[in-house]
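One chain, chain A, appears in both complexes that follow, with chain B as partner in the first and chain C in the second.
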Partner chain A sequence: MDEEPERAKRWEGGYERTWEVLKEDESGSLRATVEDILFQAKRKRVFESHGQVRLGMMRHLYVVIDSSRTMEDQDLKPNRLTSTLKLMEYFVEEYFDQNPISQIGIITTKNKRAEKLTDLAGNPKKHIAAMKKAVNSMCVGEPSLYNALNIAMQTLKHMPGHTSREILVIFSSLTTCDPANIYDLIKTLKALKIRVSVIGLSAEVRVCTVLTRETGGNYNVILDESHFKELLMYHVKPPPASSSSECSLIRMGFPQHIIASLSDQDAKPSFSMSHLESSDGGPGLTLGGYYCPQCRAKYTELPVECKVCGLTLVSAPHLARSFHHLFPLDAFQEHPLEEHKGDRCAYTIKVFTCPACSSVFCTDCDLFIHDTLHCCPSCIHRQGTS
Partner chain B sequence: MKLNIDGLLVYFPYDYIYPEQYSYMLELKRTLDAKGHGVLEMPSGTGKTISLLSLIVAYQRTYPLEVTKLIYCSRTVPEIEKVIEELRKLMEFYTKETGEKNNFLALALSSRKNLCIHPEILHANIVVYSYHYLLDPKIADLVSKELAKKSVVVFDEAHNIDNVCIDSMSVNITRRTLDRCQTNVETLQNTIQRIKETDAAKLREEYRRLVEGLKEANVARETDIYLSNPVLPDEILQEAVPGSIRTAEHFVGFLKRFLEYLKARLRIHHVVQESSPQFLKDIYEKVCIDRKPLRFCAERLRSLLRTLEIADIADFSAVTLISNFATLVSTYSKGFTIIIEPFEDKTPTIVNPVLHFSCMDPSIAIKPVFERFQSVIITSGTLSPLDIYPRILDFRPVTMASFTMTLARTCLCPLIVGRGNDQVAMSSKFETREDFAVIRNYGNLLLEMSAIVPDGIVAFFTSYVYMENIVASWYEQGILENIQRNKLIFIETQDAAETSMALEKYQEACENGRGAILLSVARGKVSEGIDFVHHFGRAVIMFGVPYVYTQSRILKARLEYLRDQFQIRENDFLTFDAMRHAAQCVGRAIRGKTDYGLMIFADKRYARADKRGKLPRWIQEHITDGSLNLTIDETVQLSKHFLRQMAQPFRREDQLGLSLLTLEQLQSEEMLQKISQIAQQV
Partner chain C sequence: MASEDEISLLVIVVDVNPIWWGQHAQREPEFTLSKCLDAVMVMANSHLVMTRSNKLAIIASHCQESHFLYPSKHWKAGDVTGDDASSGSGDGKYELLSVANDLIAEEIRNLMARTQVKGHQTDTLLAGSLAKALCYIHRISKELDAGQDMKSRILVVKAAEDCALQYMNFMNVIFAAQKQNVLIDACVLDSDSGLLQQACDITGGLYLRIPQKTALVQYLLWVFLPDADQRSQLVLPPPVHVDYRAACFCHRNLIEIGYVCSVCLSIFCNFSPICTTCETAFKIPLPQMMKPKKKKLKAAN
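The block that comes next holds the complex of A and B.
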């Protein structure tokens, strides 16, 4: 009677030692120390984003999703695959929100093969639809890191030099089945300046450590689902561009949204260029839209690359949204709690003050301000009143 | 940085220091001050070597009259090279800091190809070489006998020092040895004949010298120039070589007779065990060989070989071995036993008689070292329980201390697995080891671990036979096939070439993300000399308690001797021996503070206090009640959690101030307080 590793029901799953989470940490127990280190890392991330670094604002990112046997493990609920895809949907939305002029593509790997789920494209809808479909796919066999990276590389190497080339691997398995020496591929990736980051779902694997170290990416392993989300969100921010990457001026079009007034009798509904290829049709004929300033092709959505003349079409708010990456908020100064007893939110051991208006914030607020708001609410408030 | 260790200025060639290194140096200094011996246990990967070197070198410089020389003994050539590397760093640092030209001379004796030039040793301040140069009487005589008394001797990785001592004093004689000896003796005879015809004066000169006795050696020893050789006991030196073996021909005749006697003794069909006096009595009755000439046998042979000017001593190893045996057996009436077996234990059908002349008392070989040198330091990562070493080696240490590893994160995770998921107890003990359920549970443990541990896993079995049985059984049950879906499997065999091949492939598989399991044997080559840093060993699984094969007659004799002479009970010694090997095995995975690894003890007997208490302190303190007698499932959950925690980014800054100190941090009052708790005196 061989025991099958698969477990069908939730209650048959692993022991979740929830009481250990609540454990008080005297004498520096494991949990406390590791969490301390994590907290330090979080802070550091905030600091790292400061200073004048060049950021790769135009990103080309391939996400490789491991779909091997191990993705059926139920340590993430309901299983790793479903959980990952759900988080990925969120990630894709967030990614385009923060990087409006970037593109993303998805690759899956299972059964020693790798295949493209979606091509590099700037439209979140397509990716999300593909991932919704992928939830029901089978997880079988072993992943192949080599094949997945190779597919991504074939496309990325043709991307222009001023854009960033990135691969993000969500790696659940502890092994990879490769047709050739992966270290040669790593060298090639490095030469092509493709940055590979890995998020591990189970443990630290050597080959990923080398891969990320060589290509200048990040390697993290998740602790639980919320940590997973946090790590994914970290990749939403554009990475610093390497100083050796090319600089070039890019032609961009800023088309106006023109709606032919209903009163205008000459107005005729027309097709959007981006709908020409997609078979699912969509709304088809519309009256208004964005017209390429160069060739007058019509599009209903931005950003997009003009199908006719190849011009990148964006709207001004898109660019503005990426603005805060370039001028991030200064890091707050850290103080021990004692100095600020009685101030607003102060649950933590440390408090943080804004260097501009010297308002006091707790750790969580500090992170929220730096990660989400990108401006100090107190400063804004003052600007408003004065 | 420059440290102040209890009033002594120590140059330490790194910018950061581990707290335990500081503590270690304090203990070391105290030992040197007291001019006594010390036993110090400090986990591997915490910079033992550099602490030893920097402190002793500083001591030598400050008190050049107190300590003149450092003799650093290590086990293997790579280890010796590592020591030299550290030493070089230290010396560079000295030159940089003090600005003066370095007048220190260090000497490493690693292998035959770069063997020493004798007088050099006398002037070197530091000598680094293998144990055998000091312990093995055959080599020690050549290399080490002129080392000054005011030297500090360090035995690194000394957890097996008693076995090294015993091996160096034991002799095994097979038929092959005797045949080769026969040829040797014939060559000797021919050479003597030839020399007699050409240069008879030479032989006469030798004869004259022998009449005068071994005065020279005696004078040397009395004036304290030489390290005494345990094969050459003091009494002999005062006497002259007896007349019966003084001339060369007579001696050859004597050897021949002795050889014939040994041959006759090997013609047996059942096992014989006797003591040295019994053997001497028997030899006197059968071939009329007295005790006295036997005692001089080794010395006489050496003299003869010198006279005949035979350059290639290696050819005469067989006859040298026999003569050493003759001297030892007639010199020591206690501490040795003679066992003659008609066949080996493993092959009871093939006749292959062996005469084991086995030393049971490690203190005999090491006694001259303790007596001669003012400080002898015995150190290793695993020396627990510390108090047993002074007992079996028969010396009185002034310091005995065990150091823990200060860690910024708990990077080792010892787990004691006692049951399978079916609640059947797991154990390698004799009664249950053939049990189907136990073998299946062991298999399931490895299977489950192979699915969650990244890269490399090293599994240790108690013996080759046991490993073969289990692996065969796993194969039949299909467990092996399932494991191979997760990782490749490599097996250590008794063939050294095969093993090193397996090891190489294992490392390759760990490197490129394929993942691998190495099945090996405690006490084997892998368990002793090979480190599995980082991804090469993310988990070590110890299947069973590695007790030594207790049916061996040599072991039985030794246990009896230990009980009678040192009042160490058989069981205590066996457990001690098993646990030190288990500790060695699991210690393979952690080779430093940035490393991490699981240590899985798969036997419910490990949970008992008498076993657990014998593990080194740095492992023991991480075994909580929650990690005892686990089932496989619980082990998997704990391991998963541990591996995720350890995979979080860990940088040098995280260690700083906790387990890695700058000079300022070291000097803070609070830190010194903490450091004083690192060392535990026994």
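The block that comes next holds the complex of A and C.
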């Protein structure tokens, strides 16, 4: 294609003495430096904030999982496919935790064809069940990147403009078998504003480099299983919205949860709309549930799109889950140990101070606050008195 | 039966807002803060006595700060010896319980004496105390030996009303608790609290508004003492109906169908061309323009 910035490959660079990074402490143990390195990596992931950039909160993500012959390779235990599916289950749960109003679909590719494992849906259970079943499937043939991207594109191009359209490809093979010119498909994807990212399991493949560069995604190749997990988790956070995504007001319904007990005389058991299609076990008759405010169809779980009238149904906590992306917590400043005990924390090597309220935290609490809690406990107290 | 390796940690967050308690003491003099704390101490002792490996923490939630009543920084585990005249009580009570009770009483006295109350707000900063409780639980779970697992829950004894400013922090804390599998139970003394109802619903805990405050001890022991595994075998108060409808940002009304801005997720009840929170202009869906069909002029004119 056109000139692209060729980065220097690793073997072309200078000679690195990587053993000098590790230092022993007095007793000869390396544990402190190893923990420090792991901790720095964790912090880097947590603190990579985008600043005041608009984020794409409503995401439609297709995950393409390569199921070709190379996935039977045992360099990830027990084999690549099982390891990938297990990490994907964790990814799906984390994804819906951080992006409750988004949707995921899964596509697999093998034997020069591609097929949809699950459709775009907002309910994690279906995806996890499908992935558990897929562990036993055979890995044969060659993958087809073109077919997989084509299937994803057919659905994504109909999605409304205010959502972010993404594809994540987990690519293990070094070859792909395409029925047509993939560079044309790349041009189409770029025109439709679909962002494609690739996680490679074997080595860097040039067509993936071009694909991700043109569409604005990321391309990484894994080193080992923990690196794989880290790369997957990177995709859980909402990406910065592209400049051309439209902002619009989306009409949503907030249904009430009706809990009816057996002693209630008006309570009648009824089917929920999601049970009519699925064949999971159980009779499906329930007393209470969520009733769509527009058409009164019943559903057992939220968020869901009403099949009868098309209204998106969510509950207020679902929207509240995304607020911490909009108001991220500032990183704490690091100091070496000056005071002995922080704010209710144990003895530690480094202390962290919140820039707003100057209270002191230990390393564990700092990670916990930024990863899970998203608010500084002492700042909350200052808020009340202002 | 809980195995030896399972530790159950109970964190009790007590609302000691002095303004609310002061006003309440004038209305009902027979239920004061000391009676409430007595009931909490009975509950704490019962929890410690249930299983040897149970752990406890008590946080007092004041207007401007939250303070750990137990365990306290000033108390070291080695101090529990009998030669100090005040700590060894003569009635044969289990040492740990008598020391704990004395500590709690002393800490709460110090807390109430030293805090200068500014302002007249009657709401307490519960979100901050819950955040501290979660950090404490996180730390204790890191300090466990391998092979031990810990179940934790937080019991909130709430007196004053909700503070609406804390909504976002409160929701962050609730989601963090849900992620850590920590139950939040609520025992509400006076007025119903929507935030705590949501917290109990999301984390799977129990919410109870007490009809008679003087019987606080009974409610605490009957309803909140059993832990999560045993609750399925007891007949406990039924779950309350939680109103999850969102409030619109313009009028603060509860709405069933609303419009959500895709950038900042603020909720409006009517369509408006500009979002008031993030000031983005929205694309208004216009009806499609039809080309005007040229009408053939009839030859009648």
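Everything below uses one rule, namely that the second predicted complex is superposed on the first by the 278 of 386 C-alpha atoms of A that agree within 3 Å, B and C clash if a C-alpha of one lies under 4 Å from a C-alpha of the other, contacts with A are read in each partner's own complex, and residues count from 1 in each chain.
Definition applied: a residue touches a chain if its C-beta (ideal position, glycine included) is under 8 Å from a C-beta of that chain, and two chains touch if they have at least 3 such contacts.
Keep in mind that this is a model prediction, so the values were computed, not measured.
Applying the stated contact rule after C-alpha superposition, one finds that A:Ile222 touches chain B and leaves chain C untouched. In the overlay built on the shared chain, the residue A:Ser378 is in contact with chain C alone; chain B does not reach it. Shared-chain residue A:His158: touches no atom of chain B or chain C.
Taking chain A as the reference, the larger set of touched residues comes from C, when chain B and chain C are compared.
In the superposed model, A:Tyr183 makes contact with chain B only, not with chain C. Across the superposed pair, chain B and chain C touch chain A at no common residue. If you check the complex, the residues on chain A that touch chain B are 2-3, 5, 14-15, 17, 30, 33-34, 37-38, 40-41, 70, 75, 145, 174-178, 181-183, 200, 202-209, 219-223. Residue ranges of chain A in contact with chain C, taken from their complex: 54, 57-58, 97, 161-163, 241, 246-259, 261, 293-294, 311, 315-317, 319-324, 326-327, 341, 344-346, 364-365, 368-369, 372-375, 377-378, 380-381, 383-385. Across the interface of their complex, chain A is touched by residues 408-410, 421, 444, 448, 451-455, 477-479, 482, 486-487, 510-515, 534-535, 538, 633-634, 636-637, 640-641, 643-650, 653-654 of chain B.
On chain C, the positions that touch chain A within their shared complex are 63-66, 68, 73, 118-119, 121, 123, 125, 127-128, 131-132, 134-136, 138-139, 142-143, 163, 165-169, 171-176, 179-180, 198, 202, 238-239, 241-247, 255-265, 267-268, 271-272, 275, 280-283, 285.
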